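The structure appears right after this line, and notes come after that.
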Amino acid sequence: MCLAIPGRIVEISADNQDSALVDVVGVRRRIDLGLLHDDKPVPGDWVLIHVGFAMSRISEQDAADQMSTLRMLGEIEGAMQEVQGYGLEHAEVVIEAAAESDRSKAKVN
Amino acid sequence: MREGSTREESTTTPAAMSVESAPVRFRDPQIEMAHGAGGKASRKLVEGLFAPILFGGNPGPLGDAAHVDINGTRVAITTDSFVVKPLTFPGGSIGELAVNGTVNDLAVSGAKAEALVVSYVLEAGLPTSILEAEVRAMAKAAREAGVRIAAGDTKVVEHGKADHMYVTTTGIGRLIPGVTIDPGSVRMGDKILLSGPIGDHGITILLARGELDLEADLRSDTRSVLPLVEALIGAAGPGLRWMRDPTRGGAATSLNELARDCGLGMVLFEDQIRVRDMVRGACELLGLDPLHIANEGQFLAVVSPEYSDAAINALSMAPGGDEAQVIGEVREQPAGTVLVTTLYGGSRIVDMLVGDPLPRIC
Amino acid sequence: MRFVDEFREPELISKTAEEICRIAGEERHYRMMEVCGGHTHAIYRFGLKDILPENIELIHGPGCPVCVLPMGRIDDGLSIAKDPNVVFAAFGDMMRVPGTQGSPLEHKARGMDVRIVYSPSDALKLARLNPEKHVMFFAIGFETTAPSTALTMMRAKAEGIRNFSVFCNHVTIIPAIRAILDSPDMRLDAFIGPGHVSTVIGCRPYEWIAQNERKPIVVSGFEPLDMLQSIVMLLRQLRAGEAKVENQYKRVVPWEGNRAALKAMAEVFQLRPYFEWRGLGFISQSALSINDKYAEFDAEQRFDVPGIRVTDPKAAQCGEVLKGVLKPHQCKLFGRECTPEHPIGALMVSSEGSCAAYHNYEHRKAVMVSLSSIA
C-alpha cells in the first residue's frame, strides 16, 4: 500500500510540533511531520501524505504552472490544425517555439 | 446470506436421500473472515456448501429472499444476522441495522415486510443499559418502517464469545402485486439505477472503530428503502427486472452477481455514481474502492429503457430519493462482467470483492 | 486547488492523448517501462491503456515491494509471531500474501494475533497500548516508506519503548532498475520514473540511466494527466534522439530529494550486502537492514528466524512477469491455479501487482472490438 495523497494542514499540535491534523476532502487525519524538518509547513499548506507521514510540501505554484502547460498543449493542437491548413512547412517547429516562449513567460510571472 | 431462489414454486424440501448425498463443491479446509465478507468467498460458500445440501438440485440464481407458496398464498421470507463493531456509530446502531436490513431484503425482492422475529445472542457482562438502548432502537426502527416485531428469542454466551451482542432478524412479507424480480428477465439496453450515494455505511463503521486516526462528519445511511421501492414499483413496475440492496461487498458485488446470473454485461458510468467527497477521500487514503463498500440504505434496480425516466422521476420525488441516478446500462458485452467507464474514454473491470477489507460492518 | 480533480479533467486528458497520438506517429513501436507499482495500479484504475495508441507499449516493472518479497521472508516473519505474546503488524497489502503455511490472514484465522496498520506509527502505538505484548512491525516498501519506519524507530528509542521491533524488508529502487537494464532479454526505450520514491531520493540517482544507458527517464506523478504528460515528454525526447532525466512531478518532487528523510534512513539503516528479490535473484546492496545503534528494534536479532530460502513453485513465472519479459496472462498458472482469490504469487495479491491488475483487464481482450461502442 504505497499510496500517497495530498492533504491540507489544518492545525499543528500545540504540544507536539511534529504532529499535525490534515484535511483530505473533508476527512481529517493526524499525521507526522517529522520528515519535513527542513521545510516546515504551516496551516493552509498542502503536503503529500504516505503511511501517516508528510513526505513533501506540494507547491501550488508548480501545480498551477503544470496546469497551464497542459492547457497550452491543447492550444498547440488546435494551432497545429489551423496552420497545417495553410500548408506551411515546419509548422511543428514554429508552434513549439511559440509555446516555449509562452511557457517561459508563465514561469517569470 | 442469500436464501433460496425467488423462482422456487414449491415448499417441499428435497428428498432425504439426495440431501445426505448432495455433493459439496466447497473445498476450503476452514472458514475465514472472507467467507462472511459478502464477496467471492461468501458466494463460493453459499453455492458450494449450503445450496447443494439445503436447496438441492439446481435452485437457480440466489436472491435476497425466498418466495414460498403456502396453500396458494405466496409470501416472502428472509433472514439476516448482524454482527457489527462498534455497536453504535454515527447514524445508527445494530438495532436499526437489524430491522432495516431485513425490511430491505424483503423490499428488493418485491415484498412488503409484515412482521419480524428477532433472536439475540448476548455476551455475559453486557451492560443492561446497552441492551435496552438497542431494543429501543429496534422498536423505533420497526415503527418507522411500518413492521411489527412479533416474537423473539434470547441466548447468553460466555464473556468473550460474542462482540457484546449478535442480532438475527427473520422477516416475512406480502408480495407487492405487479412486480416479478427475475435476473433472467434482464435484457440488453436496460438501465441500471442506484438510489443514492454509496459507501457511507462502511466508511462510517471503519472510522467509528477509532483504530485509524481518521475523523469525518459521516453517518451510516441505514434506513428502510421500502417507500422508495414502492414508489419505483408504482411508476415502473412492468419494466422492473431486478433489485438488490448492496450491503457487504458493495455495489460491485451485487452487480457482478447479476452479470453472472443473466450472462450480460453491466456498463457503469463513473461520473454518474454518487459518492460523497468524504467517502471518496477516506477511500483514497485507505486504498479502497467505494464500489466495494457496504451500504445499508440504498438499492440497485434494473429497469427497462421505456420505464427508466418514470422510475427516476418517481424516486427523485419520493422522500430520500433525491440523489437517485441512472448509473449505467446493460450491454451484451463484456458478458458476465461489470465495466466502469470514465468520461475520457478509459475503462476498468470491477470484480466482486475479494478478501475482506472491512471486517464486521453489518 | 485540490491537487487531484484538476489532474483528472476529461478535456485535458483527451487533448493530451491526442498529442501523444500525434507525436507517436505510426511507424515506430515504443516500449516504456513504468517502474513503480503505484503507476501500474494507476494505469489500470484510470483505464489509460484505452486511450494510448497501439504502438506505445507499457511494460510493468518490479517496483511493487510486496511482489518482490520472497516467500521465505514471509515465513520468517510469521514464525516470530507464532509466540502468543507477539503481535504481527503489517500493511493491508501484506495480509493475503501466501507464505508456505498460508497468508497472515489465514494465520489470524488460526489464532495468531495479526493486525492491519496503516502506518508504522500505528504499530508503535499498539506497542504502547499493549505493554504485555511484543509488537513486531513487518516492514516493506522502497525508499518512500523506509524513512517513516526509520523515524518510528528513532521515536521508539527516544521513548525507551522495549516491546517493539521491526522485521525489515525495505528495498532500494536503483539496483532493481540496474538489474532490469542488465537483463539480456530486456529491450526498453524509456522509463516512467517512480514518483513517490523520488520525493525521498530526488532525481539525481537516475542520471546514469540517461547518461550511461542512453534511455530517457521522466519522473512522473500518478494522476492520469501526470502519466500522459510524462509520456509526451518521453516521446519528445525519443523523437529528438535525446536521453535525459526530467521531472514531471515538480509540484511534489524536489530535484535534490528530502534531506531529513535521507538522514533518518542513514541514522537507522545500513545496506545489506545482498538480498534476494523474487524473480530477480540476489542483488547486491539492494536492501536495508537495521544497524547496530538500533539493534534492539531489529526483529531478526531479537528473535530466531528459520531463514529458509523458499523457491517459487516451478510453474509460477513470477520472476519473468516482474522483469516485464512475460505479460501476466502468459504465465501458465494465470487465471487457473493462480487467481485473486487463490493467489500463488504476490503479483496476484498486491493492488500494485501486475497480475492482479491484469486479471481484470484480461477478460476484455476478447471484447476489445465492442468497447468502441461504449461511451
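For clarity, chains are labelled A, B and C in written order, and residue numbers in each chain start from 1.
Throughout what follows, a residue touches a chain if its C-beta (ideal position, glycine included) is under 8 Å from a C-beta of that chain, and two chains touch if they have at least 3 such contacts.
If you're wondering where the values come from, they're calculated on a predicted model, not measured in any experiment.
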Open item on the list: Going by the touch criterion at the top, tell me which pair is linked by more C-beta contacts: B-C or A-C.
Closed with: A-C
- [ ] Indicate, using Cα centroids, the chain positioned nearest the centre of all protein chains shown.
- [x] C
TODO: Look at all chain centres (mean of CA atoms) and spot the one farthest from the centre of subunit B.
DONE: A
Open item on the list: For subunit A versus subunit B, what separation do you get between their C-alpha means, in angstrom?
Closed with: 41
- [ ] Can you check how far apart subunit B and subunit C are, centre to centre, with Cα atoms defining each centre and the answer in Å?
- [x] 35
Open item on the list: I'd like the Å distance between the centres of subunit A and subunit C, where a centre is the mean of that chain's Cα atoms.
Closed with: 23
- [ ] Could you tell me which residues belong to subunit C and also touch two or more other chains?
- [x] 4, 92, 118, 122, 351
Task: Multi-partner residues of subunit A (each touching 2 or more other chains) - done: 1, 3, 5, 25, 52
Open item on the list: Using the touch definition from the top, which residues of subunit B touch two or more other chains?
Closed with: 212, 284, 287
TODO: Would you tell me which residues of subunit A are touching subunit C in their complex?
DONE: 1-6, 25, 32, 34-38, 46, 48, 50-53, 55-56, 58-60, 62-67, 69-71, 73-74, 76-77, 80
Task: subunit A-touching residues of subunit B, taken from the complex the two chains share - done: 212-217, 277-278, 280-282, 284-285, 287
Task: Touch list for subunit B against partner subunit C, complex - done: 30-34, 40-41, 44, 211-212, 267, 269, 284, 286-287, 331-335, 337, 339, 341-351, 354-357
- [ ] Sort out for me which residues of subunit C touch subunit A in the complex.
- [x] 1-4, 6, 11-12, 15-16, 18-19, 22, 36-38, 65, 91-93, 118-122, 141-142, 144-145, 147-148, 151, 155, 196, 199-200, 222, 225, 229, 232, 248, 250-254, 258-261, 264, 351-352
Open item on the list: Could you list, by residue number, the parts of subunit A that touch subunit B in their complex?
Closed with: 1, 3, 5, 24-31, 49, 52
